[in-house]
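One chain, chain A, links the two complexes that follow: it is found with chain B in the first and with chain C in the second.
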Partner chain A sequence: MTARAAPAPLPPATTVGLQGWLRQNLFGSWGNSVVTVVVAVVLAWFLVNLGSWVLVEADWTVIISRAPLYIVGLYPYEGYWRLCVCLLLISVLLGMSWRAWPGPARRFAFAFGAVMLFVGVFPHEMAPEHRALLLLNLPFIGLGYVLTPRPAEAHSGRLEAMAGGALPPALERVAIFSTPRRMVIAAFVALVLIMILILGIAGVPGLDPVNPQDLGGLMINLLLAFFGIVCSLPIGIGLALGRRSSLPILKVACVIFIEVIRGVPLITLLFMSRHILPLTFPEELNIDRVYLAGITITIFSSAYMAENVRGGMAAVQTGQTEAAQALGLRGWQTTLLITLPQGLRNIIPAIVGQFISLFKDTSLVYFIGMLDLVEMGRVSVQGNQEFIDNGREVYLFIALVFWVFCFSMSFISRRIEGALGVGRR
Partner chain B sequence: MTRLPYVQGVPIWRNVVALRWAVQIVSAVVVLSTIALFLLNVAREIEARDIPFGFTFLQRAAQIPIGEAVIPYDPSDSYLYGLIVAGLNTVRASVLGVILATAIGILVGVARLSPNWLLSRIALVYIEVFRNIPLIVQLLFWLTIVLTLPKVVEGYVIGDAIFINNSGLYLPWFEAQAGFWPWALITAIGVALAVYAFRWLSRRETETGQQSYPLLAALVIALGLSLVALLIFGPLAIDIPQIEGRFGRLQGGAQLSGSFMALLVGLVIYTSAFIAEIVRAGIQSVGKGQTEAARSVGLSGMLTLRHVTFPQALRVIIPPLISQFLNLTKNSSLAAAIGYPDLVSVANTMTQIAPAISLFMIVMVSYLSMSLLYSLIGNLYNRMIRFKAV
Partner chain C sequence: MAESNGVQAAVDIPADKAEILARPLEERDDIVVCENVHKWFGDFCAVRDVSMRVKRGEVVVIFGPSGSGKSTFIRMINRLEEHQQGRIVIDGIEMTNDVRNLDAIRREVGMVFQQFNLFPHITVLGNITLAPQRVRHLPRSDAEALAMRLLERVGIPEQAQKYPAELSGGQQQRVAIARALAMQPQIMLFDEPTSALDPEMIKEVLDAMRELAATGMTMLCVTHEMGFAREVADRMAFFDEGALVELGPPDQIFNNPQEDRTKLFLDQIL
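On to the complex of A and B.
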């Protein structure tokens, strides 16, 4: 550009600044102004009423005095420190993801740290050692961050530079542990540790086994949703491959399974797990209802996961398959090495979406008699003469907890969508 | 399936045809043996624990109370009849829910696109709040609200005809008189004529470009015929609910129980948040160029909306909308949590004396047929809107 453009004339005063913004967005026309005023009045009335109720009229003792019940259910008090340690492990993982993936994970780590800080210093009844363990989460996030190499550094490029040329075979093996791989390994180890910490092991002092029936509150909602998603992913991939296959028997079996599960409400499946699933196990194997709920939710989720995977794989362009065939890959090689990985990348946002709806659906496990967050709230209200009139406080609190989780996850999912460029490639 | 040629000299374990058959047989064996194992286990346990099984119980008297029913029900009626009553309760909640959720969803979706910043933000908050809270929490909340309403005698009364109190909502409703059927017949004829007129005038408008007001004509024909017949036959009387007795029992009119109200409000608000997003996405999917092109060939604002924007948006909106309808129907099963006697709730009560497995099968088949019905409608629509080669 050599010729300098003449400076643009200034915009008319009414389209810029606060005045212009108001004019454009709120008072553009007569109709618009009327709408604005009416909506503003209604909104102000609503907010004033809500605010005065929340701050003055509502009695929050039903929440504060029973807070642990909502969060961890009937989990024994002696084991609370184990749950705090689980949180520390999660903090380390969050710190690692922050380093590996600075955009979305940083917000998540911040939010997690903020919640821990808030609960740790909030003036309510809480043992000092638990407080200390909660506050320890902040340095542990930092620890995870420091322990992780920046993604670029972990790649073999830096090692190659250090070795001054091609890598010797021994170092090649080290380079495999790039940041994503470390993250997967760390997540796996943390998961096993968390399960051990929560359920305990017989015979180990300090790790007394916990009756699975005592798991409850928000913890069980999160655990069921998480394991439902993790366990349903492989099953869902299998079902999706079965549905895509050209072998009629396999295909029909998968289609029937997927469509039947998707056609009925989750509550009918819980009906099944309450009345029928126990019959499929021998009577002496008295299986706990937590596992029944887990199995049911996995079955339910895998049908939806299968449809997600199928959609993701269908979105992979046919050119990819054709190129693979042209290179001489077999059918199964094409699927496993070309279509499936690209299909799975396509569905990461969909998996987050499914996690959100599964998390909301775990509130139905009351049907088989589990004390999850919602049921705990219902029991606090309907089972206590003292709190019989505090239903609104309890349900608003529960709604807020679920909302914070679901909204932040969908927010992050949108970020991931942007980062992966789904729909743009 | 194309049959691959058999190549001489290829060993059996590398022969594609043989491999495919082997995989088929293995998968069939796995599937069938899983099912067989499941059934055998269940059968053995049924025998060992002496659990009743079969469908003969359906004829016996159910002996359980059902709180509210669309058709008259008495505990001495059979199980089958009780299940039908419960199924109709599910249908009632779903149909009303679908209609109201669509209406509110469209309103919120359009408000989301409003040029008014405040309105659009409020619509956004509505959507993000209600779709991120589990339905069951919302239902329990609304039930709490309904239960804290005042008692019947102290309840809210609107115009001496509408009663709102902790036992529900009572509305004036119609009562059929002698002339109901002739009136219904004439109204049906009127609707048929109106549909015909709408199609004929629409086609004329499309073909000749002459403005013919098809919607207006159709409305005039249908409503006009119905109104004239209404005046001649007097088929409907209005039944206004009234408080009877000292303790206040409301009689007459249409009664919507408290738990039904809570269910309906919860279902409608929850689903409308999803529908609003669908409507917004649908309207936004129509390119701006479409509107501009329509305006530049001389179509007015209304005609652009009716002939250009709306048909194209509907194409995007309808399929996910139908899946939301199905979701609403499935979600109505949460009625069990707030004491509305829907199919799942009644079947669950029946398991105390009747075989659970048979009841489970009946419930599964009922919901599956409902979802089949919805996908049938969806497929019909998809066939209808397919681009036709001209």
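On to the complex of A and C.
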């Protein structure tokens, strides 16, 4: 018989449980209690009013009946299937990331699949083939997952049981996304295919070119933000390296570029791109405003990206460069192999943050006549006698869409931060 | 090719060098020559008028109070710090602003830091193979074979695929030693290699250094591990206020210091 230790004393009841939490956090003092009550009353009043309007008074038919406008703008109906195929490609990439990087990517893949499932089965007008294509996203996520082998670390023999776990050997053999390099290539190929599918190619049956100005709705916001970030990353890295360089002319040129762009609001740049730049270009060079907007947003974003990259590289400890020097690496080798990779790792959360703010900023393109989500909302209300009174519903819906995207991205960013162990050496 | 021989093969000792190492210390050539070396940070003189000659295969332990210029001194030997007056010659190569000389010297000299300074974004194997591949242009397979031999030598071959953050401090420092050895240097610098370690890990690092000294590596170690110094050092150098105060065999330093400052300092730390 072993003697039992005396039971550990329990904490006082006033500090534990719901009661304890309430007491400590909301009603800790007189002032605290007053604030709690006032805020609760205001919040309740607000929520009751909003809730009764949302559920009773509001008329949501405009959202349902104009949904395609909000999502893809004036994109031709015959091409919808192409957009659905783009979603399938994204699903494969998501499945791949889920397998390779289970922590941060899994929920994202789940959420994407859930949205597709919801839209696919929601009872509204939609062609059955589009429904089918949307529902296909679920198996396609699985496909991406299967085509990717166990996480890279698992190959070393450690963390064998981690995350995805092992697949049957037959499946392991078809795993084609087996190295980071292949994954990057797969992502790149998918992005090119997506661009081809969206814009079409002249002369290929089924892929009739789409007038870029018909791209619109949420799609154009996402496309501009995404390609803005992706293209601004290499430019931003170049600018940051230029700013760190010891060649005075290069350095000054980069500093001027970065500071000028950062000192001008995006809307001004967009306006200049639309109305001033064409004056300085030859007439024949008639760039579509969609591309102009894309280029402008990329330039805008790369100035901020350059500062992020610079900050990330500056945060790399000097011991790292000293160790590289002591090993005989040249200056540029040290930058490319040691400082830059660590700097980029440091700023992944900052890049997601920049993506979020760029995504919101893309709503400014309506200024140069593009049909983004906000502009489609305005058009659907003001251009239509039937819905002229539904502005509130439409803008609330648009706000919700932006919020859902931004919130989920910042959520993912926090997961990435955790997975990377930012601040850990 | 016997496995037991891999250890020796990891640090090639060319025949002529082996012949030199067979001689007693006094008859060997000077691999490090410092003459009247000075270093200032702004107006502050961190190293003043240090002259020291180190024989090939010699182990010199450098010690002294904090801020006495020990780190600055050994960092000048691979030019992490630039000396501003005096002369430094490493294995016959004059330390100048000439990039070719600098490259040659960095190839001769390996360094191990107090904070390990492993590259956190690449695996242990990647840390060790990086410089051999990029600087010595070894093919990847050769670099990896070399890395594995060195990891075996420091006793942690099973950690090759891990990332530095997944290793204990002692293991990280042994990887850092292997990383420096992978460049097959003639001289190894150690700047307080055990100061950031928990006591139970100090021994494993000191053992690796002992083993290295036994193979005839020229070593300059800043350390306050006096047991290690007594056992391994050929000579000890006491620094104070930027100057080399006393240089002599451990026996002299411990039992019969010639300078009062040396005696005073040893009394404080022993």
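By our rule, the second predicted complex is superposed on the first by the 386 of 425 C-alpha atoms of A that agree within 3 Å, B and C clash if a C-alpha of one lies under 4 Å from a C-alpha of the other, contacts with A are read in each partner's own complex, and residues count from 1 in each chain.
The working rule: contacts are C-beta pairs under 8 Å (C-beta built on N, C-alpha and C of every residue); 3 or more make two chains touch, one makes a residue touch a chain.
Note that the structure is predicted; figures quoted are calculated from it, not measured.
Undergrad: Looking at the overlay, what does A:337 touch: chain B (first), chain C (second), both, or neither?
TA: A:337: touches chain C, not chain B.
Undergrad: On chain A, which partner touches more residues: chain B or chain C?
TA: The partner with more contacted residues on chain A is B.
Undergrad: With the two structures laid over each other on chain A, which partner does A:281 touch: chain B (first), chain C (second), both, or neither?
TA: So A:281 only meets chain B here.
Undergrad: Which of the two partners, first being chain B and second being chain C, lies in contact with A:315: first, second, both, or neither?
TA: Once the two structures are laid over each other on A, A:315 reaches no partner at all.
Undergrad: Identify the partner contact of A:345: answer first if only chain B is touched, second if only chain C is, both if each is, neither if none is.
TA: It touches chain C, and chain B stays clear.
Undergrad: So, A:361: does it touch chain B (first), chain C (second), both, or neither?
TA: It touches chain B, and chain C stays clear.
Undergrad: Does the superposition put A:35 against chain B (first), chain C (second), both, or neither?
TA: Only chain B; A:35 stays clear of chain C.
Undergrad: Which holds for A:326: it touches chain B only (first), chain C only (second), both, or neither?
TA: Only chain C; A:326 stays clear of chain B.
Undergrad: Go through chain A and flag every residue that touches chain B in one model and chain C in the other.
TA: Shared contact residues on chain A (touching chain B in one complex, chain C in the other): none at all.
Undergrad: Given the complex with chain A, which residues does chain B contribute to the contact?
TA: The contact residues of chain B facing chain A are 1, 20, 23-24, 27-28, 31, 38, 41-42, 45-46, 48-49, 51, 114-119, 122, 128-129, 132-138, 140-141, 144-145, 147-148, 330-331, 333-334, 336-337, 344, 347-348, 351, 356-357, 360, 363-364, 367-368, 371-372.
Undergrad: Write out the stretch or stretches of chain A touching chain C in their complex.
TA: 153, 155-158, 317, 319-320, 322-329, 333, 337-338, 341-342, 345, 421, 424-425
Undergrad: Could you list, by residue number, the parts of chain C that touch chain A in their complex?
TA: For chain C paired with chain A, touching residues are 78, 80, 103, 106-107, 109-111, 113, 115, 117-121, 123, 130-131, 134-135, 160-162, 164-165, 176, 179-180, 183.
Undergrad: Going by the contact rule at the top, pick out the chain A residues touching chain B in the complex.
TA: 25-26, 28, 32, 35-36, 39-40, 43, 242, 246-250, 253, 260, 262-265, 267-268, 271-272, 275-276, 279-283, 356, 360-361, 363-364, 366-367, 374, 377-378, 381, 389, 391-392, 395-396, 398-399, 402-403, 406-407, 410
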